[in-house]
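Two complexes are shown next, each including chain A; its partner changes from chain B in the first to chain C in the second.
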Partner chain A sequence: MIGELGQLALCFALALSLVMAVSGLMGARATALAARKTATSSALGMLVFVGLAFGTLTYAFVTSDFSVMDVANNSHTLKPLVYKISGVWANHEGSMLLWVLVLAVYSGLVAVLQRGGERLTSAALGVQGLLASAFILFILFTSNPFLRLDPAPFEGAGLNPLLQDPGLAMHPPMLYAGYVGLSAAFSYAAAALMVGEEGWARAARPFMLIAWIALTCGIALGSWWAYYELGWGGFWAWDPVENASLMPWLIATALLHSALATEKSGAFRTWTLLLAIAGFSLSLIGTFLVRSGVLSSVHAFASDPTRGFFIMVLIALAIGGALALFAVRAPTLQGGAAFSSISRETTLLLNNVFLVAACACVFVGTLYPLVLDALNGTKISVGPPYFALTFAPIFFALLLLVPIGPRLGWKRADLKAAWQALYPALGLAAVAALVVLAIVSPRGVAATGAFAVAGWLIGASILDVRKRKGARASAFAAALAHAGLGITLMGVAGTTAWRSEALTVVAPGQKTVVGPYTLRFDGVTREKGPNYIADRAHIALMDGDKVQAMLLPEHRFYPAEGQDMNDTAIHTTGWRDLYLALGDDRGGGRFALRAYVSPLAPLIWLGGLVMALGGFLSLWGRLRMKEPAPQPAAPVMAQAAE
Partner chain B sequence: MNAKKKRRLAFAAALLTAGAAVAGVIVYGLGQNTMYFRSPSDVAAKQVGEGVAFRLGGLVEKGSVTHGTGAEVHFRVTDGKSSVVADYNGVLPALFREGQGVVATGAMNSSGTFIASEVLAKHDEKYMPPEVVDALKRSGRWQEGNP
Partner chain C sequence: MKSGRGLKAATVFLLLAMTSAAQIVPVLAAPAGETFSDPATEARARNLQRQLRCLVCAGESIDDSGSDFAGDIRRLVRQQIVDGKSDSQIEDFLVARYGDVILMKPPVQPDTWLLWLAPFLVLGVGGAVAWVTVKKAASREA
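On to the complex of A and B.
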């Protein structure tokens, strides 16, 4: 019964999304008042029905209703409740339903908040409706989560143990909130092209911010999960699925900066529209890469070629349609306002050039192997050295510029004054570099440079907060986000330059030294978890003769899924991680043990958190601010800047 | 030509230069850092030069895994037709099993042994790395639905 209810709800949602698409687009005309009302209410109605469908599927998972095929294939009665719930989106069908749910939530927000002009909002809802109907059709025809299984099996097939993890339970909803959040920016941009620009950048900004925050958190969570779950001590592997989430983040970051210039000074009008289209396009491509099975990873659920084909057609229509609209309409819009070469606009332009170039490097490195394979079957892989060579220097150059931008005024500015105000930050950069050179070994050019840049970023942020007492939330928000970048950079540089690795085979009672730590191996016990059996190693972290802490890395076997996995143990001081992974049984109670000492590793994710906080602060300031923003600068000023 | 047009032209030229520079970096980076995927048959056919990094994929041959005194491991990777001796100094992934799919990164040494720098075994009982499936198909040892 419950499965049919979900299916029915999804069909209603499809009908409402079509109504929303048609009425929303009709409402873009000045006189169509009734159509605009219909678009708003159908957006809310769609949210209710998609929510109902999602709730139904969740109920089926929680109650282990194995007559639903999706549940039988991906769940198990012995799974803890939280993983029964996260199991809803840890499979292809459910994750697509989550995607549509997030899309419906954003559509609802667009409808309720009614930001921007009535016609703009209506057209944006229309585009959201088109996207929603396409994705609901995709679910109903190729990935229906409510298909029945008759007779129902007594037990489900379980869930990949790698995915049974609290970090990963939250990772997909976060990432989707980011991916799909960019759909709102996309829809507003398309709407602006249809009705002629009506302050769309300002209207869409909260959605861009939410999407960016969610992407930042989602990427940080994914990287943290990879760090503690995969057992190789790394935090980023330039895996295609990681790149698929990084690319929209890079473009979303560029979009936030470019849209700010459009809003405040009227610069980059058409460019910002193009970025909004590109951001969501990369989200769609990311979904395709991750979900179509062209990549081999824990993320690839779909192996059905019709799904990949359907998603590809969908992407082609969305991107092609938006670009065609852009090509036809963009020349009719008012051009961007002019600015002097020394101005905040110039720094934002450079910011965008660097971010887009960095994204291009990731894009080519990710897709080149796929294209080559499709063309002539040659199988290659592009490794991390490629990204270190291309992405890293471009991003580094971007970071050098970051502190300067916020100190320059719009239109035209005094570079010398800005530069002099930054002397303390330069001082901090020099101190950071000297500290690295003086006390840390091994010394390296890259690490020294990275710490200097981190000092430069954080110093400038501190100056921003100190100098601008009483300033608006947005100045603090930018300072926080930029400081977060510096913190992450320190974490990345510290871990990369000074990580040490030890690989030993240990016998019970044996002591072993890893970097500054002394470890004593106390043997392995057999433990029983709720749905797994574990070999748990007992390893004492010694402080002289005293036991300072016990670390318990495990090797788990999940009988329901027939799979093995490692559960690492991490001891952190906040500044340095000791990371242990249990290896294979070498007989006679001896086990292989892999240990990493990763200095500054926690800073990587702390920085991500600080960046996200900056985003929140900016969002809070935005939603509080009710009065209309100052109109884009008058032509008189623009001429003065020539 | 007025000042505005001049500025626009300079701007376009700067963007083009930047774009060309990025494209150059990308092409150079790809040229330096792509690794080919090879099956044991490819290695036997001497398609791989000594010291050139590549990815070797196939099945871990049954009964071929031996451990040294430390963390070193020796095993053979096979595609049913040929097999390659591989040496690895490290902890194997939890999913590494005899008779199962494996992909390793490394290079051949002068005595014809594959020195692995990284071993991946991302499969489970349902899943096999696509490259390995492809290699097995080419050697004729792949039956649909029965890996």
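On to the complex of A and C.
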């Protein structure tokens, strides 16, 4: 019964999304008042019915209703409640339903907030309706989560233990909030091309910000999960699935900056529209890469060619349609803002050039092996060394420019004054470089450079906050986000340059020295978790003769899934992580132990958090601000620091 | 003879691929007992291991992966180091056996020129477009 209810709700949602598409697009005409009302109410109705369908599936998972095939394939009665719930989206069908739910939430927000003119909003809702109906059709025809099994099995097949983790329970909803959030920017851009209405960049900005914040958090969560769960101490592997989330982030970052110029000074209007289209297109391509099984990794739980084909057609229609609209309508938009070559507009343009090149690098690095294999059967791998030689220098150059932009005013600015005001930041950069050279070994050109740039970024952010008392929230938001970049950079550089590791076999009672730490192995006990059996190692972190902390890395066996898993133990001081993973049983109570000392590793995710906070601050400032923004103040003539 | 060996290697590879696809589980790479006592040689081995891709994993190097395949290649690399082979000789040997796909860093050859150049082409074209845009905007400003 419950499955049929979900199915029915999804069918109603499909009908409403079609109504929303038609009425929204009709409402783009000046006189179609009734159509606009219909679009708004059908958006809310669709949200209700998609929510109902999602709630139904969640109920089936929580109650372990194995007559629903999706539940039987991906759940188990012994699974803890939180993983029964996260199991809803830890599989292909459920994750697509989550995707549609997030799309419905954003459509509802567009309908309720009514940002921008009536016609603009209506057309944007129409485009959202088109996207929603396409994805609901995809679910109903190729990925229906409500299919029944008869007879219902007595027990479910369980969930990959890798995915039974709090970090990964939150990772997909966060990432989808980002991916799908870009759909709102896409829809507003398409709407702006249709009705030619200005101010779309301003109307869509909160959605861009929410999407960017969610992507930032989602990527950070995923990287953190990889760090503590996969047991090799790394935080980013340039895995295609990671890349699929990085590309929309890079374009969303470019979009936030470009849209700012469009909004404040009317510059780059067509370019901003194109970026909004590109951002969501990359989200769709990311979905295709992950869902079609083109890349097989832990993320690709779908390996069905019909699904891949359906998504490919969907992407082609969405991207092709939007680009066709762009090609026809963009030339009719007025272009050509006037600004001096030394101005904030110029720096924002450079920001976009570097971000787009960085994105191109990830794009080519991810897709080239697939294309080359398809073309002539040559198989190559594009791994971290490629990105170190291409992505890293491009992104590094971008970071060098970051502090200068916010110091220049719109239209026309004084570069010399801006430069002089940044002297203290340069000083901090020099100090950071000297500290690295003087006290930390081994010395490395890359680490020294990275710390200098981090000092430069953080120093400039401090100056921005200090010098501009009474500045709007946006200035603080930018300073926070840019400082976050510096913090993450320190974390990445620190772990990369100074990580040390030890691989040993330990016997009970034996002491081992790893970097600055002394560890005592107190043996292994057999523990019983809710749905696994674990070998838990008891390892004492010693301070002289005293035990400072106990670390308990585990080796788990999940009988329902028949899989082994490692659970790492991490002791952090905030500045440095001690990271332990238990290896195999070497007999006689002896075990293999892998230990890493990762200096500054926590800063990687702290920086992500700071960036996201910057985004929140900006969003808060935006939503508080009801009236159109006052004209930008006269160029900021920053004084040289005393 | 040669094709026989290739067939055997392919079978082993397929079996490995199947077993590890069934359980993509990060069991530890546990190379205890397969480390060199000389730190310089050990560092060289580790560096080499990081440049080689585990062919049955999701993008991990043989240094990071705990799969049987990665363990086999690690032992092979270390044996060749003991035999006095140079890094490039070892890489050439592995490329001859498994193809370029085993290298984390794609080779620079005609069919990968675009891969290596594309980011900088985009940077160059983007820079040129930005230059023209700024010039135009500045002439309007003046």
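By our rule, the second predicted complex is superposed on the first by the 626 of 642 C-alpha atoms of A that agree within 3 Å, B and C clash if a C-alpha of one lies under 4 Å from a C-alpha of the other, contacts with A are read in each partner's own complex, and residues count from 1 in each chain.
By our rule, a residue touches a chain if its C-beta (ideal position, glycine included) is under 8 Å from a C-beta of that chain, and two chains touch if they have at least 3 such contacts.
This is a predicted model, so every value here is computed, not measured.
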item	value
Room on chain A for both chain B and chain C (clash or fit)	clash
Partner chain in contact with A:A581 - chain B first, chain C second, else both or neither	both
Chain B versus chain C as contact partner of A:W238, first or second or both or neither	second
Which of chain B and chain C A:F12 touches, first, second, both or neither	neither
Touched partner set for A:F396, first chain B, second chain C, both or neither	neither
First, second, both or neither for A:I380, with chain B first and chain C second	both
Which of chain B and chain C A:F616 touches, first, second, both or neither	neither
Between chain B and chain C, more extensive residue contact with chain A	C
Touched partner set for A:Y59, first chain B, second chain C, both or neither	neither
Which superposed partner A:R594 touches (first chain B, second chain C, both, neither)	both
Chain B and chain C contact sites that coincide on chain A, given as residue numbers	160, 231, 296-298, 338, 353, 357, 360-361, 364-365, 368-369, 378-383, 385-386, 389-390, 394, 503-505, 562-566, 581, 583-584, 586, 592, 594
Touch list for chain C against partner chain A, complex	21, 23-33, 35, 51, 53, 58-61, 64-66, 99-107, 111-112, 114-116, 118-120, 122-123, 126-127, 129-130, 133-138, 140-141
Chain A to chain C touching residues, read off their complex	160-162, 229-232, 234, 237-240, 267-268, 296-298, 336-341, 345-346, 349-350, 352-354, 356-358, 360-361, 364-365, 368-369, 372, 376, 378-386, 389-391, 394, 411-412, 503-505, 562-566, 581-584, 586, 592, 594
Chain B partner contacts - residues on chain A that touch it in the complex	160, 231, 296-298, 338, 353, 357, 360-361, 364-365, 368-369, 378-383, 385-386, 389-390, 393-394, 503-505, 555, 561-566, 581, 583-584, 586, 592-594, 642
In the complex, chain B residues that touch chain A	3-4, 15, 18-19, 22, 25-26, 28-30, 32-37, 55, 67, 69-71, 89-96, 105, 122, 124-125, 127, 129-131, 134
